[in-house]
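Lettered A, B, C and D in written order, each chain numbered from 1.
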Amino acid sequence: MDKKKVAILGASGYTGSDLLRLLLVHPNIEITHLTAEKHAGRMISDVFPHLRGFLDLELKPLKSKLIPKDIDIVFAALPHGTSAQVIKELFERDIKIIDLGADFRLSNKNYKKWYGEHPCPELIKKAVYGITELNRDQVKKAKLVSNPGCYPTSAILGLAPVLKNNIADQTSIIIDSKSGVSGAGRSPSLDYHYSEVNEGLKAYKIGEHRHMPEIEEALSNYSGLKVQVSFTPHLIPMDRGFYRPYM
Amino acid sequence: MDKKKVAILGASGYTGSDLLRLLLVHPNIEITHLTAEKHAGRMISDVFPHLRGFLDLELKPLKSKLIPKDIDIVFAALPHGTSAQVIKELFERDIKIIDLGADFRLSNKNYKKWYGEHPCPELIKKAVYGITELNRDQVKKAKLVSNPGCYPTSAILGLAPVLKNNIADQTSIIIDSKSGVSGAGRSPSLDYHYSEVNEGLKAYKIGEHRHMPEIEEALSNYSGLKVQVSFTPHLIPMDRGFYRPYM
Amino acid sequence: MDKKKVAILGASGYTGSDLLRLLLVHPNIEITHLTAEKHAGRMISDVFPHLRGFLDLELKPLKSKLIPKDIDIVFAALPHGTSAQVIKELFERDIKIIDLGADFRLSNKNYKKWYGEHPCPELIKKAVYGITELNRDQVKKAKLVSNPGCYPTSAILGLAPVLKNNIADQTSIIIDSKSGVSGAGRSPSLDYHYSEVNEGLKAYKIGEHRHMPEIEEALSNYSGLKVQVSFTPHLIPMDRGFYRPYM
Amino acid sequence: MDKKKVAILGASGYTGSDLLRLLLVHPNIEITHLTAEKHAGRMISDVFPHLRGFLDLELKPLKSKLIPKDIDIVFAALPHGTSAQVIKELFERDIKIIDLGADFRLSNKNYKKWYGEHPCPELIKKAVYGITELNRDQVKKAKLVSNPGCYPTSAILGLAPVLKNNIADQTSIIIDSKSGVSGAGRSPSLDYHYSEVNEGLKAYKIGEHRHMPEIEEALSNYSGLKVQVSFTPHLIPMDRGFYRPYM
């Protein structure tokens, strides 16, 4: 089988670098293009020294024109808004696009309410919500896959069978989620300063986290019910929420 | 003011040693008697080297006869069952007793159900539940204070005003608690092995944790209502749950 | 005994807040004045909620004129340079000054080399290096105490008896130090971002850390020898280096 | 390319389970036999739930006879002594054996001194020390590869070029190593209890750690010099020493 050529947009953040880790050991993938605005011009192995010898690509600026014509799959690990803009420019190409960001997870109405004006609302309906366990066939055929957020993934996988089988009332669901710190990204702030996070935990954005409408939309679409959840995210002193170091 | 003479029974566990830390800087307390079964005969400063120079007492075996006659206050930081047995033997003395364990927190009926036969059920009613914010006057006058468990302390302080003011229905309370690892004590087991706890979290004893009846009894006694809670404790990768290293 | 009135300059950093924790339980101290540039106008208990009920002072701007006349002791937990400037203005008052920063730890020659021009070099010789175990009598009588850095404290206490008794050659000392993250202060940066520190460790500023000349000067002064050290600091994933949560 | 059939002896410890993680994504490997004394009869995916769906093998007792005839490669992740015993029984088979334990790392003389009597000293010389960067060709052809210890790997890779190029005196090497807790294995003890490790670090087995003779032998063999090292291992609060969660 020929290897698929892959570009990763936003390769120096936590999402992009973890994707690198996974794709590097995939037997049918060849990574050939990486972008990173802040580190453009540097080698990826200078930013992440553990990649030296495994991947020695130069990081390019995020310009759709610079993405080679022979790329088969583009992964976008970019801030919301930025992601939709680039995907709009790439959409006519004969490629698959997998967006790890938030731009194609919500209906246009909810996107406007929770994130702001969408750069290309006409593409929203063309995206398949990439939760494979529920949408496997559609994901296979999709041109644009919109991967779910971290909290929604865990909540949806647990709740889908509950709602499908009418085990719980769809208006009385309480989601008490915990996440490690890498979910907040790689930009320093006092909230994620080591000594502020270590030996503590906190609930945050109660009732106003952007993953709440995402969970509600995804579960409503799946179950055909009007799902309403109470969602409380917590930050706890570990790197990832879904992750054990031993696999 | 004369200093009160204090004995700590069970001084080599986490509860006992943290009590030591607090009492050592109290201006009206003098610690004069310590027990620790496993370490009897050793100096407390050999077990906890940070105490060297602050407290150089020998650890004694746990025998009520060995507790000096001039002790004013006894703190018991002992396993349940053991605690009630010693307190029974000390009860006739003219002292104050503060039990940090579980033996006097529940009614005899619930104690039997959740812990087993009580060594001295006749003393249960003489104990004051030591949650100062709610029982301040009784605590002041009590001969025997039964300090609340860790989870109950946090749950009761939050829920007491809610119930007192009829803000919530007393049968629909959901308590989602998180604790650090020191609450599980100092006995090694795979559950509390560093690499099993680090970078993970888990819910445990769902619906069957002994702190659930304690929370329900305490809140029912306080509010006059029949309180029923859903209680889910979680273990998270930190030392304590109520604790920030900077004070 | 009358309580001494204390001012803490720079009360919202890690050094200042830990000093607060220690002084609040000191029976002969009354804290009456706090400063914090960034948080001036707020209550200290808003910045550190664990202090609510223990200390409800307003944070003032750092102006020497605002420090009340009846203060007995001033602690400065300020950036270097800033500290010396304020101490210069306060020096004529009949008070004790304890500087927790770096401004009076080095000779003027080394200060110039490692930190830059000193705001009041004439005061350097009036400062006593506050390592009590070696300078106890001088510290007692000093008007200005210059507290040692974190790494120097641990290195000097270990090496002083070694040098005093000629056990090691003063030119072949290797110091391999490890510190938790709070030593780097409370300003966010990628270096101290939780996910960059957790599950890792690193050596840094090898051969160029400002605590190296401090260790060499202090040990040379103490031993009368010309001490030269190889000093390698490491950052490890914990809050403090000298600290165990249980006392 | 045909997939190689692999057996892992000791699959429920940290070494075995991390090997599982690595081999499961290897395109030319098929894992077909697992042993685990304590968990024999259980599924590996019951012991490590993250493997469910990836590997659903039953754990077998550690008996050489039970290892299928068609296995191509055996990995041993067993306690020392046990490992050599099994390898002795398997040695006549036409397979490759990779020992992750300590049994074939030292000369017989040093093994006797540091570990005790060797179960099959005649095989020691047939083992190739599996540090690929230095012994790549020999490793390729070896029937029995003895993988180095964790500390030795890091020390040897750093020191080999230094010694080869005569940059340092081979009798004045100081190795100050730090390791996470998983290196100590999965058996609970107070030393590795979460609250004893978290927020602390300690040096241990100074001058008497079994990895010291291993480092000295390997570096002496490689450089032709008689290498003597000062080796100080430290335990620090993280899972692994050589590991960053993001790759």
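Keep in mind that, in the parts below, contacts are C-beta pairs under 8 Å (C-beta built on N, C-alpha and C of every residue); 3 or more make two chains touch, one makes a residue touch a chain.
Predicted model, so just to flag it, every value in this text is computed and none were measured.
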**Prompt:** What is the set of chains touching both subunit B and subunit C?
**Reply:** A, D
**Request:** Could you check if the interface between copies subunit C and subunit D is built from the same residues on both sides, meaning over half shared, or from different ones?
**Result:** same
**Prompt:** So if I superpose subunit A on subunit B by CA, what angle comes out, to the nearest 5°?
**Reply:** 180
**Item:** Distance between chain centroids, defined by C-alpha means - subunit A, subunit C (Å)
**Value:** 44
**Request:** Give the residues of subunit D that touch two or more other chains, as numbers and ranges in rising order.
**Result:** 14, 180, 182, 195, 198-199, 237-240, 243-245
**Asked** Which of the residues in subunit B end up touching subunit A in this complex?
**Response** 174, 176, 178, 180, 195, 198-201, 234, 236-240, 243-245
**Complete:** Per the touch rule, the subunit A residues reaching subunit C in their complex are 14, 180-182, 186, 188-190, 192-199, 237-239, 245
**Message:** Residue numbers of subunit A touching subunit D in their complex, please.
**Reply:** 14, 17-18, 20-21, 24-27, 48, 50-51, 182, 199, 239-240, 243-247
